[in-house]
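Consider the two complexes below, in which subunit A is the common component and subunit B and subunit C are the respective partners.
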Partner chain A sequence: MNFRTFAAFVGPSVFMMLLFIAFPLVSVFKQSFYVTQPIYETVEKETCTPGFLTQTCVTEQVSQPMLDDHGEIITQTQFVGLQSYRNVLEPERAWRAISDGSWQVLSTINFWKALRFTLTFTLITLPLVVGCGLGIAILINNAAKTIRGPVIFISLLPFIITPVIGVLSINWLFRGDGILTAMMEWWLNRDIALFAQAWTIELLMMLYRVWHVAPFAAIIFYAGLQTVNQDSLESAVIDGATRWQRLKYIVIPHLMPLIIFVAMIHLMDSYRVFEEIVGFSSQGYVISLQWLTFDYLTPDQAGNRSISRASANSMLTMIGVVILLILPLRRTWRDHKGGH
Partner chain B sequence: MKLKTILMAGAMSIAASGAWAACSFENDVPLKSLSAGFEAWKAVTDAMAECGNFSASLDQEFREKQPEAFAADPALYQIGGVSNATLVPLLNAGTIRPLDDLVEKYGQDLLPNQLIKVDGKTMAIAMMVNAQHLMYRDDVLAELGIEEPKSYADVLAAAAKIKEAGVMDYPIGGTFKTGWNLGQEFVNMYLGEGGAFFGDGNMPAINNEQGVAALETLKAMTEYMDPEYLVSDSTYVQQQFQQGKIAMANLWASRAAAMNDEAESQVVGKVTMAAAPMGSAVPATTVWWDGIVLASNISDEEADAAFRVALEGMDTDMVSANNDVAVWLSPAYSAGALAAGAAASAEGGAKAYPASGPMGIMHTSLGNGLADYLTGAKDAQTTLADIEADYITAAKEAGLISN
Partner chain C sequence: MSSRALRQPFSLRLTSNIFLALWCLIAAFPIFWIVVMSFKSPVDAFDSNALNVIFGPATLGGGKGLSLLDIILGIAVIWVTIVIATKNLPSMVKSYSRPGQEWFGWVIGALVVLVGFLVAFFVILPAILNVLNPWFGPLGRDVLGLTTEHYKTVWIDRGFSNNFKNSLIVTTGVVTVSLTVGTLAGYGLARSGSTLAFWILIVALVFRALPHSVLVAGYLPVFINSAEWLAPILGENAPTLYGKPFAVIAVLVAINQPFTIWMLRSFFQNIPAELDEAARVDGCSHFQAFRRVIMPVMWPGVITTGLFSFLLAYNDFLVTALLLDAQNQTMVPAIVGMFNRETTTTDQVVAVAAAVSITAPLIFLVLIFQRQIVSGLTAGAVKG
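Right, the complex of A and B next:
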């Protein structure tokens, strides 16, 4: 393919990438170093609200943004350097907690609390997703040809369900006296409250995530299983290799590039865990980094939102993803170079 | 296909012309409104639609859309539905218009306390008030010989008795869901204790005796609540009541009618509405109102039509047809047993919700920060100090506190 053709094919995609990914990223990066705020003046104001039969009026000092001649709020934008990052990370408080060796205090600071959960969530679900995915793939592969279609369909179902809906249904199954909790209570003959402490909520979240993503891993691995060299497998059988040995020495090495691919996708996805927090409304116990960005961005009733802290936090989230990806990426890079 | 369209159009026009009869004039200016989506707003906007040429957006996310939609020129909606808190961003941005001339022209039937005045100018027309107040199961309490609880000490004592008697495992319900709901519970308690949220220059002032007292009462209540209280919102508490699982809760007046809804409730006629329990100073609740505003960036003609349509929406017909849906501000409203709690709370001196820019931030900080105290991760003073620190960070970023 000559360069012109190549450029013509790639051009639109590069343009889209620049417009929808690179440009917003640069803008968020810039915003994390600036703070834009209205200029307030303090005025005395009388406000009357309805009571029963009569009105209650109060006169008080209120801060009110100044408006320009067109009736727009006057804002000023200031360069604040790393202040927003400092506001998110709260390094002094975090350091004090670490030097006191007080894990409990550290885990009450929003960012660190979120980071703790996000990392646990990501690293625990990773092997489970790969393991379950492989298990399902082998199951499908060994199923009789006639039922293979339906088995693939059923095992893909969890992946098709919209994440928020999936989370909500798990929430309703277990919340309060939900069906499954009621069944467990009847079986164990004791009162169970799954949403009353952090660890049960986290467990449910991880269960949900593995249930949701394992089919994706499975379908990739299933595709990989079709290309395993049958001759090697047959010779292994003749050599007296057990099923487990065949899996360990032939199938898994063959699938390794796919396993790395699935692992990378899963790392990226689960580090941005969000639906689980919203769906389980677990903010009181468990929060994630992505949820924290969302919370900074949500305006309160008076319309205030923390754009700068949200930008700083999303940059930090991105840095986290990059760090997590370095390991598998290095391996792929080595393999890639070795291959040539 | 064509026949179907014609039939549909015919049916629509009959329905529409039939409906016009209920409105005193025929509106020919296209109008739109944006408001919250609860039952009362549905009743009001349905009544407005009877005048024709009107479409309503009932949206639970309205508070995110409203400031931007009203700042556009021309404004995307002529009529806005607000509460005392969501009025603040519109007032600050100057995107809503004074209504005094329109009130003079068309508002003869309005009650004086429906006019929301800011610096002497009418900026909104209130249609209903809402407050959290005590609802309790009078059958359960009467059986155990417990009098109507007047303070939180009474509530806790009653809860202890009910639990001891083995009637219910968790006698108290509460809207303690982390976030806005939990923040609101603290606001109620703290104002009930007579606290003030801010000192000079919007600096926070909640780390004091009243703050600690408010926290301790909240925590004491959780002893008698379903352990999953941090995920329980108004709807959840309402359902707990309807299913007979709880005996007492400080719940919104707008939820009162649901207790007697025969389709959902197993406790019809057994729930009494009473004043919110007393704090040290006033009843531990806040009075809210909901009402309408008109955008600045619309023509005077549109404003004129919008105002008339809005008044049709909250006229006596609508109120008498939907009497129990809310505590209406209207001469036609007959305050029945369901409104008794809200009225008694207000008579007891309950404060209005102190809506303002800083309060918006404070409410968020409270909502996110209080859970750590209730789960036992922090003590009361640390919790309040951390909430203040969080508030200061956010308020500095918003420009409300100078650095």
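Right, the complex of A and C next:
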């Protein structure tokens, strides 16, 4: 295929990605160094309240946004350098908190709080998803052929459901005296409030995420299990290998590329953890990096969006994405080099 | 095929099946439960006793319920529908539709079955039962509390149908555009071994990992001010892109593009290159080869990729919540809004009903396209 045909085929897609992914990235990078604010002017304002004999009048300096001829607020965009990053990271306070060793203070700064949760969430759910996925795949593979179809259907449900709705459905099971909370209370014989402290909410979020992603892992591992070499399994039995040894020395090495694939996808996706925060409305206790950007972008009561902070926060989030991707990209690059 | 050496003892098979059943329970339970909750009065729906939620005494007390006879006949109607749809429909479609136009026969057939079911279930059945129930004594007495009023509230009073329409616009747009653009690109990438193609795929992989909020941070200021910077090109009636469905469609298509081209590329790689080479030898250009030889055989891959594009657009919360205004809002942000705003339990149950309404189409989707979804998941993975 010559270059012109190739360009004609790929062109529209590349154009869309450039316009809607690459260009916004550049503009976010630029925005993070600028701040757009209304221009304020200071005016003297006299307010009078009726009083006995004479009015009481107070003159005070009020700063108000300047309006143009159409009555709209005039804004100006200013280069502020790293100020937005400083606002997000609060390096002085964070540094003081770290040198004092006080986690409490550090977690009052949104960014560090969000980073802490995003990383723990990603790292804890990863082995759980791979483990549960493998377990379910082996179970499905063990079941009779006739029930595999329906079982896969049921297994797909948590994966296919709208994430926010999935979180809400878990939420409704536990909220207040939801039936599962009531069951746990009856079992442990004590009062439980799952939404009153951060760690229980985090636990529920991880529970939801494993429920949501394990089917995906299971389907992929199940497909991999179909291609395990039956002969080598059989010779392992004849050599006296136990079930566990067969799993460890034959099945898992065979599935290794798939395990790496699932792990990669899961790392990318759970680093973007967001829907859990919305569905559990846990912003008072637990927040994530992507939620923080979302929050900066949502208009506040005065209708202002803090775009530059959001941009700075996004750029900081990107650092994590880059670190995440270095390893697989290096591998693909080496494969590509080797392939030619 | 499994040899005697690999046969498992009975105890192991039993344990394995018990755990499998447990997993199915965990997988289905939350979804099953919101369906049950959505049909109960608020008192029942949030009762801490599970049996009360299922049988709904308070709902029953309100005069809304089903008798044993209702339940039996209702299940019978559903059963007959399933039998017709799975056994009789395929053969009838085959015999009546013209060859080559089976899909049209399927659309008509599915519509007929659907309408027939709706009429039988919601019009004929209640009319018959109204007459029959008093005759059957204890069998005809209400035992199971059940009410559909929350669905009425959601769809009629809360204007959820408007959100549904918006979701429909956005998802249709995303699926069509992203498949058109993605199929071409996927084919080009699969048939070209150049370094440029490799780099495009790598960059797409990097884009796949980006948090969507990062991109939205880039769009927002541009979209809100678009009337200003578009004015020199489009003149007076330059649109404000913020809040417009077509802008969101473009954004979601772009976000979806990396995934789409990776997936379609792996499907196209499975179509032997000899096929289009033969067409080229016969004198077709690349585009003719694509249109006459590849297009007829590419549909399984396209349908699978389309399903995943649909899911992305249908399930999206972040982009639609930030880029659409209240009037053009889609379903997911609308439900989150209901859930966050409402404090009384009645309103919560209304949100539950909305959540079930949005989940039902997805369940049908899995039911119909299970094989395509599974093959899509594994196609991406096996290629790695």
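One rule holds for everything that comes next: the second predicted complex is superposed on the first by the 288 of 340 C-alpha atoms of A that agree within 3 Å, B and C clash if a C-alpha of one lies under 4 Å from a C-alpha of the other, contacts with A are read in each partner's own complex, and residues count from 1 in each chain.
To be clear about the criterion, a contact is a pair of C-beta atoms (placed from the backbone, for glycine too) under 8 Å apart; a residue touches a chain by one contact, two chains touch by 3 or more.
Source: prediction; values computed, not measured.
After overlaying the two complexes on the shared chain, residue contacts for A:281 are found with subunit B and with subunit C alike.
By the touch criterion defined above, A:229 lies against neither subunit B nor subunit C after alignment on the C-alpha atoms of chain A. Contacts of A:176 after superposition: both subunit B and subunit C are touched.
Of the two partner chains, subunit C is the only one touched by A:17; subunit B is not. Greater residue coverage of subunit A by touch, when subunit B is weighed against subunit C, goes to C. With both structures placed on the common chain, the touch criterion links A:304 to subunit B but leaves subunit C unconnected. Using the contact criterion defined above for the overlaid structures, shared-chain residue A:156 touches subunit C, although it does not reach subunit B. Touch criterion met: A:62 reaches subunit B, while subunit C stays clear of it.
In the superposed pair of complexes, A:245 makes contact with neither subunit B nor subunit C. In the superposition on chain A, A:25 makes contact with subunit C only, while subunit B stays out of contact range.
Overlap of the subunit B and subunit C interfaces on subunit A: residues 176, 281, 298.
On the subunit A side of its complex with subunit B, the touching residues are 35, 37-40, 45-58, 62-65, 67, 71-73, 76, 84, 87, 104, 107-108, 110, 175-176, 191, 193-196, 280-285, 295, 298-304, 306, 308-309. The touching residues of subunit A, when paired with subunit C in their complex, are 1, 3, 5-6, 8-10, 12-14, 16-17, 19-21, 23-28, 31, 36, 135-136, 138-140, 142-143, 149, 151-158, 160-166, 168-170, 172-173, 176-179, 181-183, 211, 215-216, 219-220, 223-224, 230, 233-234, 237-238, 243, 257-258, 260-262, 268, 271-272, 274-275, 278-279, 281, 289-290, 293-294, 296-298, 305, 307, 310-311, 314, 317-318, 321, 324-325, 328-329, 332-333, 336.
The touching residues of subunit C, when paired with subunit A in their complex, are 1-3, 5-6, 8, 12-13, 16-17, 19-20, 23-24, 26-28, 30-31, 33-34, 37, 46-50, 53, 181-182, 184-185, 187-189, 191-192, 194, 196-198, 200, 202-222, 250-251, 253-255, 257-258, 261, 286-287, 290, 311, 314-315, 317-318, 322, 332, 335-336, 339-340, 348, 351-352, 355, 358-359, 362-363, 365-367, 370, 373-374, 377-378, 381-382, 384.
Residues 63-64, 67, 71, 83-86, 88-89, 92-95, 112-120, 126, 129, 169, 177-179, 182, 202, 226-231, 236, 287, 289, 296, 329, 343, 346-347, 352, 355-361, 363-364, 368, 371-372, 374-375, 377-378, 386, 393-394, 397-400 of subunit B are the ones touching subunit A in the complex.
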